[in-house]
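Both of the next two complexes hold subunit A, though its partner changes from subunit B to subunit C.
The block that comes next holds the complex of A and B.
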């Protein structure tokens, strides 16, 4: 087997992050570069799941599904840990040592920290943070949990003053103690940042990712509590509510946590993904409402810029792009669109000219996508937000596992989360006992 | 006997790698810098210049733990007493580590800082390096003393920042220190290797951790910029 430069670079990056010779590596491709990755076979997938009133125990829960080849329980739910209520379970992320999984609730702003290293097949609740709003000075809706050495950077979605989209980055140490809060820049308080091409800093937040060697951190922007907790149909008919979506991305100095540039990225830019290549100085994001793929890149003069580089489906039909997943070789990007239930594969080998090369309907609705490091196994889940998911028969809730041979997704197994009385399946993270010796 | 040979070999590997950092770095002569960082070597992986010291804050992350350690003379000392009153860059290594992107990288960086400090007299007595072994079984007092020989025999040592290399009496003394700092190690099936995440900790004079550096952040200029930021915060710069 030969290994090309990009593969070598990716493997090296994983090795460097682990501080080890090539050992376990890697997991899916969208994790913080500071943490060890599962580059081999993922053994478990943890699904942060929203409880549903009248279903099972009605509580949010962390569901563990067995992915071990040859296991008698492969493709089955082997554990479920309920956290004692409904919190609008949403996203989750590991600490940089990958021993703990932080999971957040967008409604209650509670954070549940699971121990995933003592027994990776059976996560247990290690600690609950009930003071996120107070700790942060008014930030609401902990969303992305991004591992930094010894710390976790958390993006908020809202605030407790008006429950709109103005929000902050909030930093905790790995023990679960608050370290600092960094409010997003606004037009009234740019905090030294520069607005690019007339961008109006809205102060909104959503995702956070970093390119360490460039000292660049990027954030995106969604909407506040008053919208994400509203019924989706009601919100679409509320002209004022529809004005309250993010239109910016912010470039930060990673080391100082200071905002540097505000880019105009209309239509609620959501997930951010940096590639792994040693010379790949760019990131992708997708704007949900305008259905565009955006490139944030360093130009020849060393300045970071943002531009739309492709449509995703037919923007006029509002397919609503949601989660994305970049290949470890930086050549492809999976993009899910919630409304038509499709996943789409884009060729991003030329990041300035990406184009769609494949699409497949996964279900009536689809939200999250995660892939193994080698890209051969791709997993999908269904839930966007409790009040935004489809109604009736179209409200399918699942985890579906596929194999990808380079030209076709073939379904491997599926877990029906409603049939099993679990709830709405949202974020996935992989686990492996190999990470812990 | 095999263990002894491996130990000596391991120490030699690390020492040679460290010596590369010691002897090949472009340290002298250097003009008096405006910022401390100007006196230190840029890390190979870095594609950015450090920010201006004092232009940002370093929030308290957590208190650094105490614990009993052994110095190269075999004396039992309190880690908290060692860190008290000085700004410390605390690192955890094991001398058998053969991964060039692991402990040797950290040690090479520390040597760059140690040698670069010759050109920044203000650092003397204010800043120190502390390197703690997480392999007490093999990194005995004798082993760390041998490892530290390039520093203890350095004729310019009195004009550079202090550097202590420490070990512990065993796992019971070591583990609370590792847990307190958040330094993860994994004694895996392979007895020769200790899996770990490369970390260096910036600890202020009051024993509070003010920054944590992982791979990609271990640049002598960046570390010393943070040191200078702390000294400016204290009004000592």
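The block that comes next holds the complex of A and C.
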């Protein structure tokens, strides 16, 4: 059973009216449920940005854009903090207390921890972890930073033995101390997990998400350093490289961190999103190369399964679905496709039969999407990976803000990251002073 | 467990059933270092090997100013795997010459360097590199003692801003001054770094193949009749041995010369006039024809590769590349200087067709008229050139984990 938007709204209103500590779980809809939240307007968006040779200071940087209604600087860059080097800035995530933002570099494996609570308008570098590979015992490419209570669970993408795709989950505490490393199961070492539907455990990693009440943690699988760092077009023509993409998702025991089941999900499944409904026992993921929407769900017998439930665009044209964002009411899912620069809205009210209901070209390329909790504001950024982004005039780098009225995206403002000599705009996270009293 | 660490002990070359490690049926199984028990005296074995090579290989020519020693080999191994010796601490020699991939790289046609920068050439195996008179595909460097400087400083490889800066780093890193002192009685220097790396690489000797045991060792049953037929073709009808030479008491399978086989010329034609569509496998069993415009939209310009000409600037040297040894060729795919051919069957087919046939092509590359059975026999022969010792060399290489920041 799922709850629809009407039920969700009633639930929210009821909780507020009763004075209950109803918690809207995040500033936007794809965050860890362990995290405090912004209940109203997001005030800032932090954009983890890749430095570009010959542009500005050439360094990776955390860019802050003002989103406060009525502010004289609304829609403008109000701060930028450069961290040194080009680290292949990629994803970022808050700690469970939401006081710090961990940002990672897929190339150098450095992690930059920003203080976002002292002055949310001006993040400052609190700590740098440059021993991730050594701490973890050889994991390379910290990707997802997923908040657990007092801990940050980090997915790796590669390793220091061959720069291939075999990798690990790496757990740190909020102080930045390494806690444990959990290597992904492989066919040679299943670690007690069971492969189903013909899956061959490849040991690859990408995203991690959890459904707490079911004690389920899911991971997905992308590719290793050699592929995610190389020129995209060159890679498409390299038959050997194209054999090294993830074909699996793994179900873990959230509490014990033990892998339980390996699903056959070919074509590089990337982002994972669980819905928020109290009885919604499923998650979505998208396979980038095969352009399919996958459902990982608990069946009537209590077993978790994986199946493809929809195509995203024309798979033969390789639209390359990248970031996704689920609506807070679990009824819709934004899916960006990098190659055609489109965002697509899927109706997921029946998770077993999703279908596209809207699409819009955002730019020549589009990667990340984040939405406000009420779904009325949707933000897009452009960069996928430094050497995968389009070349020449199609290499547009931006943050674009839209309003969504349920039927149409209307552009509110845009920031041109190249015009401002900032670099390639990647992951967005929202900030607000309201969080910290 | 560390990534890449061995789980199942499977002797290389033995026909034991192996559980698939990839959903892609044509991904080879990695070489399992666990075949070889951990040996704390590994460097003694390595030293002995470099002084007394196995069956089928000649003595290694050690320079008079760099005789091998255990201390040099141990230091060289550590340097070879140290990821800190690149500008952003991500690349070591071993990131492209992977022990479990026969000290080559099976996962890329052409190597990728710092910040994902493209190179033009396939990372060759360093097994038996001790025997090359010229190093790199264009034979631009005559000695292992000096060869390391090029990748260390190349902007698209390890990208260090200066060689002196690397030596200063070695002086500052824990452990290195003592290891240099043990090996040389002196601290880190450019020369001594090259000596150590060369000593380690000269210990990566791999012979005693089934072919060696048959041809040089007199074991009639060491190879199949098909292999023997393939060798006969190799030295006669197919004429491979005129460049991939075989001597009376050993075989390096290289004449140490550079030739224009036509492959480089063909690749340049394809670079200048790329195909209208490229077949791209996006998942096991799923292949799409991707239009050129789609590929071009996400492609940086690729450089031409003129081979030996880039060393000599002599027009006659265009598209000439060094004859590679064929030892262990069965475990060092993909093939040719740019990794463009995926299998030995594809390589044999290329030569059977006579290469490109362009005017500058070496006249020995000509249509061979081999039938399918003869091509298969040649492939069987080439696969009989795989040493059973590679797993132990990989185990030695992994005696300690790579150094990281």
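The rule is simple: the second predicted complex is superposed on the first by the 412 of 437 C-alpha atoms of A that agree within 3 Å, B and C clash if a C-alpha of one lies under 4 Å from a C-alpha of the other, contacts with A are read in each partner's own complex, and residues count from 1 in each chain.
Methods note: a contact is a pair of C-beta atoms (placed from the backbone, for glycine too) under 8 Å apart; a residue touches a chain by one contact, two chains touch by 3 or more.
Keep in mind that what you see is a predicted model, and the values were worked out from it rather than measured.
Shared-chain residue A:133: touches subunit C; no touch with subunit B.
Judged by the touch definition given at the top, the superposed model places A:267 against subunit C, while subunit B stays out of reach.
Once chain A of one complex is fitted onto chain A of the other, the partner contacts of A:79 are absent, as it touches neither subunit B nor subunit C.
Applying the stated contact rule after C-alpha superposition, one finds that A:41 touches neither subunit B nor subunit C.
In the superposition on chain A, A:179 makes contact with subunit B only, not with subunit C.
Looking at the shared chain after the overlay, A:151 reaches subunit B, while subunit C stays out of its contact range.
When the two complexes are superposed, the chain touching more residues of subunit A, out of subunit B and subunit C, is C. Common to the subunit B-facing and subunit C-facing surfaces of subunit A is no residue whatsoever.
Against subunit A, the residues of subunit C that register as touching in their complex are 1-4, 7-8, 19-24, 26-27, 83, 88-90, 95, 98, 100-101, 105-110, 112, 115-116, 118, 278, 280-284, 286, 288-290, 294-300, 302, 333-334, 339, 342, 401-402, 404-405. Every residue of subunit A that touches subunit B in the complex is listed here, in rising order: 15-21, 23, 33-34, 36, 96-97, 99, 148-151, 171, 173-175, 177, 179-180, 212-215, 253, 255-258, 436-437.
Every residue of subunit A that touches subunit C in the complex is listed here, in rising order: 85-88, 107-109, 130-131, 133-134, 137-140, 159-164, 166-168, 183, 186-189, 199-200, 202-203, 224-226, 228-234, 236-245, 247-248, 264, 266-268, 287, 289-290, 315-318, 339, 386-391, 394. Interface residues of subunit B facing subunit A in the complex, by the touch rule stated above, are 45-48, 50-51, 55-57, 59-62, 99, 101-102, 182, 184, 186-189, 193, 195-199, 201, 209, 212-217, 222.
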